[in-house]
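The same chain A turns up in both complexes below, where it pairs with chain B and then with chain C.
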Partner chain A sequence: MDATHWYGRATLWWTFFQISINERLVYRIDFVIGTLMRFLPTLTQVFLWWAIFDAVSSAGSADSASGPDGKIAGYTFSGMIAYYLMVIISRAFSSMPGLTTGIANQVRNGEIKKFLIQPVDMIGCLLVQRVAHKLVYYLIAALPFALVFWMCGDFFVSGWPPPDVMFVFITSLLLSFLLGFYLESCIGLIAFWFLEVTSLTFIYMLLNFLLSGHMFPLELLPTKPIDLRGFVEFMPFKYLAYFPAAVFLGKVEGAEMWRGLVMEVMWVLFFILLSRWLWSRGVKRYSGFGG
Partner chain B sequence: MIQPSYLNVFLTFAKNSMIRDMSFRMNFILQCISSLSWAAMNYGLFLIIYQFSDSIGRQTGWGESEFFIFLGTIWIINSLIQTFFMANATEFSEMIRTGNLDFALLKPIDTQFLISFPRVNWAQLANAFLGLAVIIFYLHQLLNDPSKKMDFSIWSVFAYVFFVFCGTVVMYSVMIILASTSIWMGRNQNLHNFWFYITNFYRYPMEIYERGIGWALWGTFTFVVPILVVSNVPARVLAQPLGGHWGLWDWTLATMSVVAAAGSLWVSRCVFRVALKSYRSASS
Partner chain C sequence: MIALDYSGSLSFSNLAQTRLLACKHPIYNLAMSIIEINHLSKSYRVYQKQEGVWASIRGLFRREYREVQAVRDISLQVEPGEFVAFLGPNGAGKTTTLKLLSGVINPDSGDCRVMGHVPWERENEYRRRFALVMGQKNQLWWDLPAAESFRLNQHIYAVPLDEFDRTRDELCEMLDVTHLLGQPVRELSLGERMKMELIAALLHSPEVLFLDEPTIGLDVVAQHKIQQFLKAYQEERKNTIVLTSHYMKDIQALCQRVVIIAQGSIFHDGSLDDIIDRFSGDKIVTLQIGGPDEVFQGLRKLPNVLEVEPPRIKFRIGRDDVARTLSDILSTYAVEDIVVEDPPIEEVIAKVFTDAQGGQVDDESHPDIAGVS
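Now for the complex of A and B:
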């Protein structure tokens, strides 16, 4: 591998990156509106949890200035809402809409051939593309996000976390981007074997929704009769939503927090290697459908 | 001019859709499973919530059994909408973009009827059955609970079916209005999203909005876009312990439901007609 080789690669990826950025900027108004609308479900969640906490708090506290005083699985009312807001941040990094189906479709209709005849790595290109899309997304979504978080500042009772927690939080967000990307790529690559991965994608979505903490904080999961709470600890899903949020809110602290971060790195490495392996095996048995 | 028989046309639509669904049987089953599992997950969430709390809101009467009747009602209405209208509304938006609406306009039948019903998505009906099962189960629980004084008669069933029907009409109208806007916007890719965000508000008992700025939402979604009535009225008929001895408020809500159904249908018809006037066709 000489210097020109790497220079060639870098310019290639840079071009991909620019194309993807421009592609996204076309729909910027749609984007801002879409981002703001994203918070609407959170609004209903605020009222739903308000009512739920009302029932477990002392009478009258729900409508007082300090909010309901009850606790559910270690969460106060403000803590619960702060959790849901932070999960939106985690998901802004880890969610990869259309990645799995995109890869599967390319395999099925034969478009993937272009990566076989060109000296371009498909997963690498997709990664660059996603980075570009996400960057544009943050650029445009920053304003709506800032607005919502500023309005909801009161839910974050303990304010900003200390620097070391902040460091773990940001690192875990960046890792959750990689984890989301490689995990979904792996599912997409299974199309080499099955062609139709819609039902697989669906199962993944369901598991992700339930086990990542997107739906509710994982602390709420039952430990009896099946220890679901213990089970999710051994799954990669929790790093896609729960973990960064829990770190930020101080739900996971100290040694446990660092251990979680190491586990997340492990999962990322695991899925990088798995995607490489799936790709090399898949290409070998690929039979090139479509024209 | 010959009047088309609307019922026969609809039955043909339904039959054709059924034939189509049955020719991809595996896909049909997967679709059923997929919508059932989303519902099951929703159910799981509230099972978990009721582990921690015995009611949603203080003194609102939405205990576990009552709330699951509410949830079952939501599933039924949602599933009716998805079975009969969702695919058609999406298709309508697409027809506007591609210019295929020309063909619908040429046919000697009411255009709104023609675009509202051509595809029946039978697989989505699975959730309605699940909802029905859940309702029957929890109603049984409630009736056998001596601490709850339930009034239940055959009339409750009739009233329930009637109000579910009214609710479905309201939701259909909202959807037609949303879909009609594609005529002005050229393409309404956000239709699904819009729909998801709007229905988000009607999925919970209206009592949860009765505080702070929630009152604004409560007012908007009860009187302006009456989607809270859609789910709350039928669910209350069956589930609320007060079902038999309704107060003034319950009667107001029930009346609202009927008025909302008629009113929204009329508004949707107007919007649809006005929108059609701005239709300029597309492509060649």
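Now for the complex of A and C:
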């Protein structure tokens, strides 16, 4: 393809990006409230772990008055809180609210026709749109995030990680965005076959919640009688929440960290290809039942 | 790539020949039409679902389907610059045909070429040259001004900026919506939104335009405005337009050619006048008669009197009987005025649809409409 073609594509995506941002800014108030609400579940988790650590340490030693200082699955109380805060960061990149149901709805109500009629790629459009939405989100969320992390600075006992870990952390965050996007797109595209993906989305969310490290650090998963801890290593979920957080906190280091990053790249590529395949098959199938 | 020019009637040039051979067209028409439909059929499987979550989960494994034959063996040619209407009752297959033509769905069997392209191959080359507007579907960005959607379309279709500005300004002026360009689409009225949809679809100057119920739900003024616009636009650009509509007014105002589709088959293909000639054997006669009201007593006995409102009487009569009956009346009564007209087109069409739903259609022996009413 020649240069003018690529220039044309680039200006198309750029225009689409700008329009997506404009669209997102229409609902700023809703966004600010949504952002602040994100911290509420974490607050309840802080209290929960406070109580757990408290109970564990008072059972283990006599002087519980000094506060919780025992370790659970390698996490101190501070470490645990730091973990949850980092998971918020991971999820700010990897969570894709409304993507699956959005695609499914477009398939069901026929809005997807727009992308069949016009010379433009739907997944590309959705990706650009999502990038725009995320950027708007970070813009609005930056201040409350900074405030919370500043207040909670004491929980990060080991301070900032070294540059190479920082590099892997940031890369893994960006990859977790792509992974989340393409994984959820694939689930959405299943609507071409099932139309109703609500139950499927629910199952996915449940698995994601448990196996990504969103609910608790993956170190807490049992190894017996079923080796769930080993199992999640082979799943894409852990890159959506656990992996970037664990890298930042030094829970995953050295060769293991780099191996994890390579695995994440593989998963992203896998879901990009899968989404392409599902799209091309799905469109044929869509043609089959119309709509 | 060889670009075919369909703006005039296409002569069988070497260029066209090369292209025809290149795309392995099974039928080599000497003068190729802009739209060629050959024996196109399409049926849907409609999923029968029960309510409830468990039914949904069960539905993942086992489903019941009902087969709906939406289009049956349709063949049709449309020449460049034609304005064709697809007319038919709900669920007749009009929209399905448009979907096939715009490549949204694949057919079960049959073959179709629009500007030399197979629609459902969805080549970008084809997609840049047509547009589909659906009266019930929104293609604009809901929360943003229409101007933004237009700008996006400019890039999607790679329209040069100066050309884009010119076309947009011209279209906005024709439809009188320039002052609404900056308003979020969700705040526009239905009529205004439809005008914007039309503009969005026309910005890349499509050679073929498919309109699915473009005036559905609009008030008379907006309907009229859109009709006028389409007429003026088509006369100026000479592009090819296929329209489906329920409103006879749309079709009367715009289309020289009407294709009646019922139960997935083409039932009639010709002008509106042809339809009346073919499907209605009747005339409506209105007489104005001088003299006292008693004279109407005799006329009331005529079969199929529609209304008596002295000094006027209106009745329906078979076309073949018009001359004889009128000469009888003229010799008996003091007739002051006579109007002989065709029955309203809506009525004829309604009858055609009813016949078509009945399934059995016979060109020669139509039931006598006079006997029905």
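The rule is short, and it goes like this: the second predicted complex is superposed on the first by the 277 of 291 C-alpha atoms of A that agree within 3 Å, B and C clash if a C-alpha of one lies under 4 Å from a C-alpha of the other, contacts with A are read in each partner's own complex, and residues count from 1 in each chain.
The rule is simple: a contact is a pair of C-beta atoms (placed from the backbone, for glycine too) under 8 Å apart; a residue touches a chain by one contact, two chains touch by 3 or more.
Worth saying up front: this structure is predicted, and the values here are computed from it rather than measured.
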Inset, instruction - Mind working out whether A:K284 is in touch with chain B, chain C, both or neither, as first, second, both or neither? - result: second
Inset, instruction - Would you check which partner chain A:E253 touches, where first means chain B only, second means chain C only, and both and neither mean what they say? - result: neither
Legend entry - chain B versus chain C as contact partner of A:I117, first or second or both or neither: second
Inset, instruction - With the two complexes superposed on chain A, say which partner A:L48 touches: chain B (first), chain C (second), both, or neither. - result: first
Inset, instruction - Examine A:F194 and indicate which partner it touches, taking first as chain B and second as chain C; both and neither are also allowed. - result: second
Inset, instruction - Report for A:T11: first if it touches chain B alone, second if chain C alone, otherwise both or neither. - result: second
Inset, instruction - Classify the contacts of A:L220 with the two partner chains as first (chain B alone), second (chain C alone), both, or neither. - result: first
Inset, instruction - For A:V26, decide between first (touching chain B), second (touching chain C), both and neither. - result: second
Legend entry - Those residues of chain A which chain B touches in one complex and chain C touches in the other: 198-199
Inset, instruction - Note which residues of chain B are touching chain A in the complex, please. - result: 30, 34, 37-38, 41, 44-45, 48-49, 51-58, 60, 189-190, 193-194, 197, 200-201, 203-205, 207-209, 211-212, 214, 217
Legend entry - Residues on chain A engaged by chain B in the complex (per definition of touch): 30, 33-34, 37, 40-41, 43-44, 47-48, 50-56, 59, 62-63, 72-73, 198-199, 202, 206, 209-210, 215-216, 220-222
Inset, instruction - Would you tell me which residues of chain C are touching chain A in their complex? - result: 42, 44-45, 47, 53, 56-57, 59-60, 70, 96, 99, 102-106, 120, 122, 124, 127-128, 131-132, 134, 137, 139, 141, 143-144, 148-149, 151-158, 184
Inset, instruction - Over in the complex, which chain A residues touch chain C? Could you list them? - result: 8, 11-12, 15-16, 19, 22-23, 26-27, 110-111, 113-114, 116-120, 194-196, 198-199, 284, 286-290
